[in-house]
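As written, the chains take the letters A, B, C and D, and residue 1 is the first residue of each chain.
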Amino acid sequence: MDLGPHAGFILASYGLCLLTVLVLIAWVRLDKVAQEKALNDLADQGIKRARPEDGSTQVS
Amino acid sequence: MTGWAMALFQRDLRLSVRVGGSALVGVLFFLAVVTVIPFGVGPDLNLLARIGPAILWIGALLATLLGLDRLFQADRDDGTLDLMLMAGRPLELVVLIKCLAHWTATGLPLVVAAPVLGIFLNLDPVSMAAVTATLLVGTPALTLIGAIGASLTVSLRRGGLLLAVLVVPLAIPVLIFGVSSADAAIRDPVPFLTPFLILCALSLIAAVVGPIASATALRFASD
Amino acid sequence: MFQNLSFTLSQGTALVVTGANGIGKSSLLRTLAGLVALAGGMIRYESGEDDRPAHEHAHYFGHQDSVKPALSVLENLEFWQSFTAPTAAAGFAGEPRKPMEALELLGIGHTAHLPAAYLSAGQKRRLSLSRLLVTARPIWLMDEPTSALDKNSEALLLSLMNGHLEAGGLIVTATHTELALTKIQTLHLEAAQPAEQALEEGFL
Amino acid sequence: MAFWDYANPTRFLRFVQVVLPWLTGLCLLLFAVGLYMSFFVAPEDYQQGDTVRIMYIHVPAAWLCMMCYSVMTLSSIGTLVWKHPLADVSAKSAAPIGAAFTFMALVTGSLWGKPMWGTYWVWDARLTSVLVLFIMYLGLMTLWRTMEDPIKAGKAAAVLTLVGALNLPIIKFSVDWWNTLHQPASVMRFDGPTIHPDILWPLLVMAVAFTLMFFVLHLMAMRNEILRRRVRALRMRAASAAQPGPAGAAQPAE
């Protein structure tokens, strides 16, 4: 595929967008891992949520 | 580096990066200043390219000054400063290390952001590189000189403005040589290295004078 | 600030400073801590290291906790452990404790990895106290050490202070409450003649 | 009413668990189709040549950075007026995503501008107002970071978000109100799009793909934020809990 004289600009914009999206995905993923680790650490100390995980209880 | 110095550096870095810290506010302010200037002088790209280095330098100066008021105040407010005075470590070194940590958290991001902001000001690659280089060697001087103001105003509730007033005159030489060496890189006949080396020298002098002066001021401020 | 003030304290003794509010108990402690310059006179610590002033042999435990809410409890303590230079003195046998050990001892071991922002006032106070345990220094300057502590913690504090005295340390403490310490000397501060009180009066 | 059903965070998390795989799959599919179309189906422009292909990411990113701010504006109303418990979670987790889309719009616009206009940046109304939007996003993120209490931070940020929403119509109509280099709207017009279907279709597919990507990331970020608040609440409980176990060392030696 020939992208003409400005191929560099086109590829750079697609590349930078891809990079930004990857950074976003990495942020979301790593944040999840960190929060779950914190929850597990607390659970190891015996600190757990009073409400069960099934979500059947209604918040009043 | 000995253990206590590393511990202090790490602690200050952590404090500025964590929740409630001010690590990236400076860069944001820098960006805001650079965005505002074209509204004032008009969007003429040639004019902006000509005064671009100066805009970046003034932006960096303001961003540095803005972040300095908490350098010692946060530690004074909770009694940490008293304990630091008693810790048996040379206070001048303590100040120097605190400045280094502060610069790493607030000054270094300014240097990194400068080339990006250069695009907004229509700077060509050579002057962009020159401005970034001058900011890299110049902003430590701003932080170190600013530390003097920060220690003088440490006991004041609203010390921020006074700090800026006290520090700006002292920071003028840094600004002069920073901007002139950046300009020298753009206009051919003027040598770049002469003002640049003077700028380096200013940073080194500030690294000596700043900590000594602010350590003295902090000792007076404790009672 | 002070007139005709002189006292000597020997090893293993606590000096309890009493007096009315505003008489200058805190100022006396801050002067001993080297935070307020002496207008005249001198402070000497005879058995200490020669190249260090008296206040560098001392821990200051004042009204402020010096706890950074953004750091974890352990990070707070470990910083003070590495930052504060330990000092020795002839006849002082105090041993520094490990940070975790000190936190456990004060009953806040379970909070070690939490940000200090989540601690209650009493817990912050105990974290601040743990600082005295992780670096060995022969003199403890304690300003109202029992404030914000409950009965249990107060008893714990007293046992720690007595332990420090037994190891040959000194304590100077300003307090309103009775402290059950082993060897006590008392210093009672009284107001001087009002005309002589302030330095500025000299300009009248 | 579904809106209030999901006020229960646990229920919301279950909803995310169910919806997320489908959304992600659909999003990836649309990206595959959209990228294929924008490179192989869409013709090159008779004036701009192949650089017009930058449009297929530039325009969706620009739409999304405005839509994301609209979501934040709605969430802010939710925080201040309806006091919906997930509203400030939604607003907080949308900000970094919005900043990223704005960044993409600025970068691609800049890279498109260089070959077309001869410069990476001009200070015209459209570009400047989008840059202001970027600064708003970063400012909001910083505001959230500087305040320790998420409830207080949420309220402060909501007020700022609502004030900043004034910028949205400025961005939208900047090309009509001021003379700029930036070309006027050609898709979002009252009298229907003015561009050729061969260009319009890839653009629409990419736009839907970007929108789905926003929702996927937003739901994931909201889930993280709920977990973060949970950690915070549990940590507070952990600090106030008594020392677990018979801590013999904690007993004062009599």
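We adopt the following convention: contacts are C-beta pairs under 8 Å (C-beta built on N, C-alpha and C of every residue); 3 or more make two chains touch, one makes a residue touch a chain.
Labels paired with UniProt names: B = Heme exporter protein B; D = Heme exporter protein C.
Computed from a predicted structure; not experimentally measured.
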Set of chains whose contacts include both chain D (Heme exporter protein C) and chain A: none
Centre-of-Cα separation between chain C and chain B (Heme exporter protein B), whole angstrom: 37
Intercentroid distance (Cα basis), chain D (Heme exporter protein C) paired with chain C, Å: 53
Approximate Å spacing (C-alpha centroids) for the pair chain A, chain C: 48
Numbers and ranges of chain B (Heme exporter protein B) residues touching at least 2 other chains: 19-21
Junction residues of chain A, two or more chains touched: 45
Two or more partner chains touched - positions in chain D (Heme exporter protein C): 148, 235, 238, 241, 244
Chains that touch, pairwise: A-D, B-C, B-D, C-D
Touching residues on chain A, where the partner in the complex is chain D (Heme exporter protein C): 1-7, 9-10, 12-14, 16-17, 20-21, 23-25, 27-28, 31-32, 35-36, 38-39, 42, 45-49, 51, 53, 55, 57-59
In the complex with chain A, residue positions of chain D (Heme exporter protein C) that touch it: 7-8, 10-11, 13-14, 39-40, 44, 49-51, 53-54, 57-58, 61, 96-97, 100, 103-104, 107-108, 111-112, 114-115, 213, 217, 220-221, 223-224, 227-228, 230-231, 234-235, 237-238, 241, 244
Complex interface listing, chain C residues touching chain D (Heme exporter protein C): 69, 104-111, 114-115, 117-120, 123, 152, 155-156, 158-159, 163
Interface residues, chain D (Heme exporter protein C) side, partner chain B (Heme exporter protein B) - complex: 110, 119-124, 128, 131-132, 135, 138-139, 142, 145-148
Chain B (Heme exporter protein B) residues within the chain D (Heme exporter protein C) interface of the complex: 19-22, 24-25, 28, 31-32, 35, 38, 43, 45, 48, 119-120, 122
